[in-house]
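Chain naming follows the written order as A, B, C and D, and within any one chain the residues start at number 1.
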Amino acid sequence: MKKFLFYCALTILIAFIFIGIFADLIAPMDPDAINMANSLASPSAEHLLGTDHLGRDLLSRLIYGSRSSVFIAFFATGCTLLLGLTIGLVSGYFGGWADQLIQGVVNIFQGIPSTAFVVAVLGLLGPGIKSLLIAIVVSSWARFSRVVRNQVLGIREMHYIEGARAMGGSNLYIIRRHVLPNILLPLLVLIATRIGSTVLTVAAMSFLGLGLRAPASDWGIMINDAKLYFVNDFRVLLAPATCLTLFCLSINLIADYLRDHLDNDADTARIL
Amino acid sequence: MDIRVEDLYVRFATLSGDIEAVNHVDLTFSQDQITGLIGESGSGKSVLGLTIMGLLQSNATVEGRIFLGERELISLSEKDLCAIRGREIALVAQNPATSLNPSQKVGRQIEEVFRLAGEGKVDSTRRTHELLERMGFSDSERVMHSYPFELSGGMCQRILTAIAVAAHPRWIIADEPTKGLDAVVRNQVYDTFCMVKEQYNVSLIVITHDLLLARKFCDQIVVLYSGRVLEINTAQAIFNNPRHPYTQGLIASLPHLGMRPMPGFSAAFTDQPSGCVFHPRCPYIDEDCRKIEPKLIPVEEGSVRCHRYS
Amino acid sequence: MCVVIAILEVKNLSKTFRASRLGGKAHRAVENVSFAIPAGQTYGLMGESGCGKSTIGRMIVRLIPATKGQVFFRGADLLAIKQRAFRPYRRRIQMLFQHPSTSLNPRMTVLDSLREPFLLHDLPGRDCMDDRIREHIESFGLQSELLERRTSQVSGGQIQRIVLARIMLLEPEFIVLDEPTSMLDVSVQAQMMFLLQELQERSGVSYLLISHDLDLIRRCSHRIGIMKEGRLVEQNETEALFGAPKQAYTQELIYNFECMKN
Amino acid sequence: MNDTLRYIMTKIFLAIPILIGITLLAFGLGLIARGDPALARLTVDPDYIPTEEEVQALREEMGLTDPIFIQYGRWISGVVKGDLGESYLDDKPVLSEMLRLLPNTLLLSFMSLTLIVVLGLLGGILLVVFQDRLFDVIGRILSIFIMSVPGFCLAYFMIWVFAQKLKLLPTSGTEPMTAFIMPCLALALSSACLVARLLRSSILGELVQDYALTARAKGLRKSQLVFRHTLRNALTPSVTHIANVFGGFLGGSMITESIFSIPGIGTYALTAINNRDYTAIQGYVLFTGFAFVLVCLLSDLICSYLNPQIRLGRRV
């Protein structure tokens, strides 16, 4: 059952990524083509999901929307991963004064709630994709590195690390061969949840008008556009909201499955 | 009241296949005796103890029967078992350091047993004091207000024993009471158990891999290997005249008795040998040993599961 | 008494751990410990848990830095050698740890773990290391089908053997045995110690055996040191120590062990 | 007791450098983003092109040529006196503006907190009690679904159902009190589901610990075991999570406040950002940071109460 849900979720996620990459080929229409004569049209053969208040094809906008969401989410998470992983590894593995210094900085960055942080940075840098990326990375690397550090601290005490050191393995060798493989699974859970929350943040910021700007196709912007019209035609709101929910659901299911797997791993080790 | 185990079979379903932890065991633990269950890790001795208490995890399948006097325990409902646990059969769990709730004061954890038995708050506190003093704590007031992590391993072990005897059960099952303890503390544990045995008139099942403790403390000893009983005898006879080749090898492995190693390793749960479970490691191996599983054969006052005595 | 050459000599070794939190006290784990280990022999270090005996082992192998003191290995002061220059010694001095459950990387197969010495050092037979490994572990009484398994599918006794086999690939001259059998059953302990003694006779390797089990230490070491709260209270040849223990603490320890046997 | 007191003092003491760090961060962010206020002020009138000397003079007058740490000192001494500066927009003092809007945010935050605590704890315990039965399975699937619905989608959905179709609740504003129901749900529902799941898994984790075996061997039933022993030990991760969420709420929830037109800290920050009002943003970062750190401090103290091992100085 769990496994089935996991594969479903994985299929959905891959589908989103696929649609995002090949948006140009898949989208039936130009997402920005305005046709005021045909605004808020119901679904038809021409417009499978109907049109929005400016007569733009809803389906095409959704497809292009997944491009920006998926792209920003993966790119921002990648940057956070690079920064957070490096800092967390250094802090956890080497310890000492470097650790103390890094933890001091991490504590300060963690002292501001992440949404407030993103909003503030965006407010100061002005809207746009670049500032959105910067805002997300700056506000989330600290939490990421903290998790990595705690994992590494747990592993550092293991005899196989000491054994490799006693055999003459360099720090780089030990990190590559012993530390990284053993934090991989928790790291995957972390990455999955980060991708999910990043998509949400991007949508939320676009919704507030701080992220991407209209007329770009983005789920958050579509929801923002829809807020004046959904009373009469709930469809214009439902479409982007469903996409967003589906994406988050698949991420949550994947993270949940990985977390279960994590526990099982620990359990088998304990029984035997 | 004796505890009688009839044809007990316990299996765990795990990801890497089924594990048969206890394999058709017939045993009688007689009243007023101390029975030692000895065996190495993977012999199923702890599982056997937990099965008697009905405390196995949900992935276990139990077949067979366990009698406490006339009552059959396996078929009892969870509610009836709760009435037996603590009041008729009590447990001293292994790992004293982690077997007490870390966020509750020790006093409250002992009082809880009295409260469960239906006593009032004041009475429970008073009796906890008495109990702790009996257990050899001179400053029972301070101990009662300590958290488990503020006490040493030996003290935690005594608290666990106190919890077990609090409701005056007929039986106590002690699971690895000396595991990981230093010699001095181990002797203290032994003294505590002797005291408990004398003052509380309780029958004990001691599950242990500590052969010396078993010899000194137990009347009857049961040797387990791969979930099967290999030999039952009095403690004297087991150590002075071990019959089963495994028992012989085990005793010869002790550092002060020569430390002569046995060949081979214990069989993995997932692929057990045919015939006698011990045959791959047995120095007296015979053709029958490979094919036919031996029965438990009575020899003098004990019994042994080996073809050589049939 | 004939003159024996010490392979390892520890002089005034001390370790103080800094306080782990604000306002805490520094912990003096080891204080001024000195002893010498003759080549080809076993030195037993006995003490109760928390007396600092494992810390000594880790300082000798340079897993943790010593606060004070010297460790001479064949005349060279190990603690004074620079990090880079120490690398050759990593082959000659090895350590076997207490907990089998964490001694091998759970994400690697046994074969991967055994390949590590070849990857880290220029050992002979590097081109056909898998064959060498197979041959090597069979001489340790292990079947080659173990090689494909992961740590969670191997028993504790087998893991300790695998780790020992890995150590012996490096052909060390000295091994610190930090409670190598305290997590194992008696019969497996006997096998392990028998194997270690056999190796000593064959290759002349010396051991520092750290344990809290007096019977084991007595059985397996040539010379014994008794530790209490970071200090070495008494040391002597095995039989002399048991024949005439001088310190009250030693007598108490021996008494406590004899107690269980009667 | 002595140890407990020392633990609390240490925690408070350790919060001070973090607070100082936040002031630095807030000041730094403002510094990076504001550009040259002197130039900005002189170019307000588009027809007038100031000379370099004039700009320089104003810079000196405004203290912009001083070293950065002196500027920081000036700013921080104002902050200590409760002066966060005046808004560029309407020259109103930032602090008093925020304090004026605070009650709405506080009300919303505390209502949501209550909802999360009640729903999360109750849900978590029920899921454990009915473990592996129908209630547990359906509850887990439902909760993971609700968790996945973003707050602002949920908000619009509720407006559509309860305000537009059923006409039960007002869509916006702060009057009457029922107006807070939907914003509160939109904020709290997904966190409540997350807490329930978190609590479930941590209680189950505690149930397989050794001490739970001892407790069961005493003859405790499962429900007694959960309430008397495992719940307290299992609460720590949930408390930390709730504190994180609640600390975020105190900084104002821009989206919810703007959807339901509630004048609060969030809407204040949003206006400030849309108008490039850097003093106000600076003040907002400082305010949310302080509120967040204090909430986290409180949650640390609650955790140390729940788990005496933390407060009595032993490693956990």
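Basically, contacts are C-beta pairs under 8 Å (C-beta built on N, C-alpha and C of every residue); 3 or more make two chains touch, one makes a residue touch a chain.
Values in this document were obtained by computation on a predicted structure and should not be read as measured data.
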item: Number of steps on the shortest touching-chain route linking subunit A and subunit C; value: 1
item: Interface ranked first by C-beta contact pairs; value: A-D
item: Longest centre-to-centre distance from subunit A, chain (CA-based); value: B
item: Mean-CA-position distance for subunit B and subunit A (Å); value: 52
item: CA centroid of subunit A to CA centroid of subunit D, Å; value: 21
item: Where subunit D touches two or more other chains at once, by residue number; value: none
item: Residues of subunit B touching at least two other chains; value: 16
item: Residues within subunit A bordering two or more other chains; value: 268
item: In the complex, subunit B residues that touch subunit C; value: 16, 40-42, 180, 182-184, 186-187, 190, 209, 211-213, 216, 249-250, 252-256, 259-262, 265-266, 268
item: Subunit D-facing residues of subunit B, complex; value: 53, 55, 57, 78-79, 82-87, 90-91, 93-95, 98-104, 112-113, 116, 147, 149-150, 160, 163-164
item: Residue ranges of subunit D in contact with subunit B within the complex; value: 208-211, 213-222, 228-229, 232-233, 306-309, 312, 314
item: In the complex, subunit C residues that touch subunit A; value: 58, 61, 63, 87, 90-91, 93-95, 97-99, 101-108, 113, 116-117, 120-121, 152-153, 163, 170
item: Of all residues in subunit A, those that touch subunit C in their complex; value: 158-160, 162-169, 173, 177-178, 181-182, 184, 268-269, 272
